[in-house]
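Chain lettering (A, B, C, D, E and F) follows the sequence in which the chains are written, and residue indices restart at 1 in each chain.
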Amino acid sequence: MRTDGRQWNELRPVTITMNANKYAEGSVLIEFGDTKVLCTASVEERVPPFMKGQGKGWITAEYSMLPRATQVRNHRESARGKLTGRTMEIQRLIGRALRSVVDLHALGERTITLDCDVLQADGGTRTTSITGAFVALALAVNKLSRTVDFAKYPITDYMASVSVGVIGERTLLDLNYDEDSKAKVDMNVVMTGSGKFVEVQGTGEEAPFSRKELDELLGAAEEGILSLIGKQREALGSMGSRIGVTTV
Amino acid sequence: MRTDGRQWNELRPVTITMNANKYAEGSVLIEFGDTKVLCTASVEERVPPFMKGQGKGWITAEYSMLPRATQVRNHRESARGKLTGRTMEIQRLIGRALRSVVDLHALGERTITLDCDVLQADGGTRTTSITGAFVALALAVNKLSRTVDFAKYPITDYMASVSVGVIGERTLLDLNYDEDSKAKVDMNVVMTGSGKFVEVQGTGEEAPFSRKELDELLGAAEEGILSLIGKQREALGSMGSRIGVTTV
Amino acid sequence: MRTDGRQWNELRPVTITMNANKYAEGSVLIEFGDTKVLCTASVEERVPPFMKGQGKGWITAEYSMLPRATQVRNHRESARGKLTGRTMEIQRLIGRALRSVVDLHALGERTITLDCDVLQADGGTRTTSITGAFVALALAVNKLSRTVDFAKYPITDYMASVSVGVIGERTLLDLNYDEDSKAKVDMNVVMTGSGKFVEVQGTGEEAPFSRKELDELLGAAEEGILSLIGKQREALGSMGSRIGVTTV
Amino acid sequence: MRTDGRQWNELRPVTITMNANKYAEGSVLIEFGDTKVLCTASVEERVPPFMKGQGKGWITAEYSMLPRATQVRNHRESARGKLTGRTMEIQRLIGRALRSVVDLHALGERTITLDCDVLQADGGTRTTSITGAFVALALAVNKLSRTVDFAKYPITDYMASVSVGVIGERTLLDLNYDEDSKAKVDMNVVMTGSGKFVEVQGTGEEAPFSRKELDELLGAAEEGILSLIGKQREALGSMGSRIGVTTV
Amino acid sequence: MRTDGRQWNELRPVTITMNANKYAEGSVLIEFGDTKVLCTASVEERVPPFMKGQGKGWITAEYSMLPRATQVRNHRESARGKLTGRTMEIQRLIGRALRSVVDLHALGERTITLDCDVLQADGGTRTTSITGAFVALALAVNKLSRTVDFAKYPITDYMASVSVGVIGERTLLDLNYDEDSKAKVDMNVVMTGSGKFVEVQGTGEEAPFSRKELDELLGAAEEGILSLIGKQREALGSMGSRIGVTTV
Amino acid sequence: MRTDGRQWNELRPVTITMNANKYAEGSVLIEFGDTKVLCTASVEERVPPFMKGQGKGWITAEYSMLPRATQVRNHRESARGKLTGRTMEIQRLIGRALRSVVDLHALGERTITLDCDVLQADGGTRTTSITGAFVALALAVNKLSRTVDFAKYPITDYMASVSVGVIGERTLLDLNYDEDSKAKVDMNVVMTGSGKFVEVQGTGEEAPFSRKELDELLGAAEEGILSLIGKQREALGSMGSRIGVTTV
């Protein structure tokens, strides 16, 4: 039994509040237990310089934690004058994950920026961000689709992410902060609605892990992600009906 | 009649959600209409180097807007690598305003940092921040008072802030973004519960203003601030009962 | 009686040395007592990117103190790698104040940059800078007017600035450093030749101030500024004759 | 058959030149084909501030590419004034991987910094760096062991790293730059001498991958890493004899 | 004949205004023709961390040009966020030159910082700065000597600097900006009162120079520097009487 | 006799390894004893913005030391976020020196960037860099000449550089680190194949030097440089045959 009463393979309560920001083309406030992330999708009708003239769009992400999202207040990166390696790593991951389910040619020469701002952090901020950013992106593309006649719908599949880890001998799904700090193996998995891997990032800094442990971790993650994608489908309803539909 | 139907001297609906963050010693989500600011107060049992050994505490503030708090997405200051002049000016103002109602000797050698993060901006973000930060500060000091035996209560008075401006010939209270961008005179006023000025900042970049206009602006601000302080008193209830009480 | 023998409503000796730099389109060395600021106006025949194609000009200002302008040497901002909040706040104020008396359409698509470099600081560096920068600007526009046929003269009024403050119960005009560090209320006022306010910035960090105190401060400031504008008129002589003249 | 004639599961020629730098406590020049990395280990008899007083040591890594390590010259990060996200991600990975096979308590209060400078890049710079840095670290600890009487030898196991990927339907081991840019799935694996995983990082930005593909990739990586560890053992000879030996 | 009517081996008019700043321990405004530099010497009773505990003092220099010191306005280095290579090179040169005539042991554990701020530039700003900074330093050490009982006087010799160059076939002394931009060879020489070289920096970027040209340049520089040292002696009068005196 | 057994006017063993990098248009690994510098020349078919449209090319240089090139590890400049003054000074010197033997009009609108990365430092890194960069440049221009029909060959002369210094009363050629740190006078000389000076930089920080000492230093440098140019000629062989040839 876990400190918060969950089974080893049980997600924390997941809440997705749609349209949490009145200006953004798509936005959600997503909660995995006490981890709360505000995700906004901003659409611009241009691409960054390195993408110009290729007839393709671009998806990028930025991630940040409010200073008191955590138990002890952190310095603001804006005051430090630079991003930490952790932030860079996470926002690169979010952008890469989202691009894996977007057909950039179908999107056309426009950029969608996903901002993931962690209001409160209790473990799993990167997986919560990816899962929420997907919904914000879907809202923005759905909104775009009212004025843009997409020959092919740009979002090719659902996608969500969860963390798994090993504490002692136990595999656990969706670690909170307390569990995360005790885990000897820590893994983040991103998977599509069709059950394929987008990212697998496993780290055994405290102790290397065996192939058997890896297999158990992947199994638990798969189950958790399918459940999260169910929540996304429910939240999007008919707005998600064209995702992955390839024929017009 | 204003675009949102308000009278010239009418505040926008004000909401103060207490304890909006589970880690901070004090926190509120404050809303002036569509302007939403998350204010957290973080207590540390030490003072910055330049204050050491004086037997006094310190109050400081940081201010930031999420990139999509606004109609058009802004670059993150953390990605730009430096704070804008506007941000610096606002956070200096918030800190100064709060210090004016705190007895730093009574507080003792500790620092309280107020983080004001604008989730959504529709004008008046600095006045909303000051008004909300005061409540977060009051919550944090109230929490401190359960373990620290203050000879004198460190908060000496209530304090709130509002904007006023002139559009055409009309004085208006609590401008939203649309009004703010049309105003020829723009003023931010910070005032205490006892009706004294902490800050008066009036700017006539578009057109200089007369003494008569200044007097009308100050009058409208005073009325608005007293109303805001009423909301603060209501939100704090008995937790605010020792504010300004000098005898033990 | 003040430490330097002045009356409460008496300015320090004011000196304006014209053309203090041989390259700048306009320049003065201005002194308010021991506060000495070199102000240069640089004209460029283009506007910043965000102003392009609007048929308007731009006025901007930069402010800096030499490291040993003060009693104790300060670190250079160029060595620190960033501007302090104080510098940003002051240079934003100077630019805003100057723009309030310039008709940017009349100026046409050109930029005038006012550099205010404090050679020696004894209080009131921002008010001295504004007062001197106005004269440097007037010199530059006067020089421009020899080659540009302005349909309307771009400078619409005189403008100067002074500080006022409260020490104990006394209102004082034009505070020197020693007085400034003792003042419980500190106010900077910028006013036009026609007696209208451009900026009113009052701060009661040490102690909030009443409406009555505010009124006294504004009265003292008004008197001081009119006297400073007299000095500006004298220094400019016939070069200032078209300021505020609206008919050709 | 691959463009350079290798079998799908064949490593490039691996060369490890010991003591490539005359000052460093440990150093190697490691080559995976045309990828050449200079790895130095620098020992300091102190730990970073956040580790002080814990009786433990610290292992950290820095990674950089010379500007013309690549086909097209890159800007120097020192001239840009900041590290790229890619650099940060890689050096965090190298440090984490090395720490997984070091007993920081056994090391004692000292820091070993591994610098991995890529002289020439032809794919796999991070896996080459990890594999080389391990040898440099082993040399430095071996040198230390001549003067320090370690109760337990600080290095607990061998460790090496290799990349694997999928091009078309083929799994390939140790991708060169040309292959890397064509791969739809890209994975870096770090493994110990006892065959346990330290890091598994798989990315399907171009196309998500199935569980079956993942299994094949892991299998190929395992084989490659065991071969690399053979090269490390050979290079270290008797200097590696105490690695992983727990009894004195 | 030169454009300003000087002989080939003639200095521009040199003016040294003593005590140009009321706070600095030593200060001068020095002019070489239209080149004007404000030099201040600031004394601190401590040394930088890398010098601690050696019983020696430190002399360092900072150099900066006001933005409109030049014909075309330059960006401020504080706004750019970093020093240019040119600035770094010049301030390293000034510091090194001054240290060559100071006995750091005799000075004791204190730091003197020389700030050289160019108010107006017409060529030779680095040589003007060195020549002026020496006088500011001498004033500061003389002031120190009233309260500190130096066993040995810390300044061991006079020192000044001048530029020389070749235009066409002519060697010229003390180049103004116009000459400097035409010179094919450009040399800065720093020399002591006893006629020894402290720095010789000759550059033939436009055209390499022969040994014969070098000899002529050095000869002209020597003559010019001795004349400048005469000006320094005159300015310092009896305040310079202990310079280079080794017996008490 | 010197610590490494050399005569006072003897160079350290010089090795030039051609084509040390497989991508660069020209590259060498150059060694002056234990000082090892990797020099690459990168050709781009465009010039920096400030050179556009002048029909001329540009030569520029960047210099860096690997963190453990030295006895004690140095911080990376990329991690510090800025270049040191020393680095800026050296890379400006290298670029200037190379430009003095290149006819930029003959080169045409292209940029050649010389990267000098010090792998191991034992004194004289700047002179080693200049000498090696010249050869890398010659290789790149020679390669260019196979596809570009130069009316005039862009390299006008050979060029090399060496350090000289005074220890005690002895003039020494090509100082190693140990000698460099003891020298009271330190001079770097850059000279062309025709025996003319490109740069003479002598510093007597520890003790000023006489004209006689200067003459001896220049004599020793001249001899050393001619010997280094001999090594360059040998390394380049027929690839250097058009250097300085003005007729087609």
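We take it that contacts are C-beta pairs under 8 Å (C-beta built on N, C-alpha and C of every residue); 3 or more make two chains touch, one makes a residue touch a chain.
By chain, UniProt protein names: A, B, C, D, E, F = Ribonuclease PH.
No experiment lies behind these values; they were computed from the predicted model shown.
Common neighbours of subunit B and subunit D, by the contact definition above: A. Any chain bridging subunit C and subunit E, meaning touching each of them, is missing here; the list is empty. For the touching copies subunit D and subunit F, the fraction of interface residue numbers used by both exceeds half; the interface is of the same-residue type. Of all chains, the one whose CA centroid is most distant from that of subunit F is B. Using CA-based centroids throughout, the chain positioned farthest away from subunit E is A. Per-chain CA centroids place subunit C at a distance of 51 Å from subunit F. A straight line joining the Cα centres of subunit A and subunit B is 34 Å long. Distance between chain centres (mean CA atoms), subunit B to subunit F: 60 Å.
Each of the following residues of subunit E touches two or more other chains: 81-83. Round the ring, the chains follow in the order B, C, E, F, D, A when counting starts at subunit B and proceeds to subunit C. For subunit C in complex with subunit E, the residues that touch the partner chain are 21-24, 27, 34, 38, 40, 42, 44, 62, 64, 66-71, 73, 76-83, 87, 113, 115, 117, 119-120. Residues 82-86, 88-89, 91-92, 96, 99-101, 157, 187, 191-192, 194-211, 214, 218 of subunit B are the ones touching subunit C in the complex.
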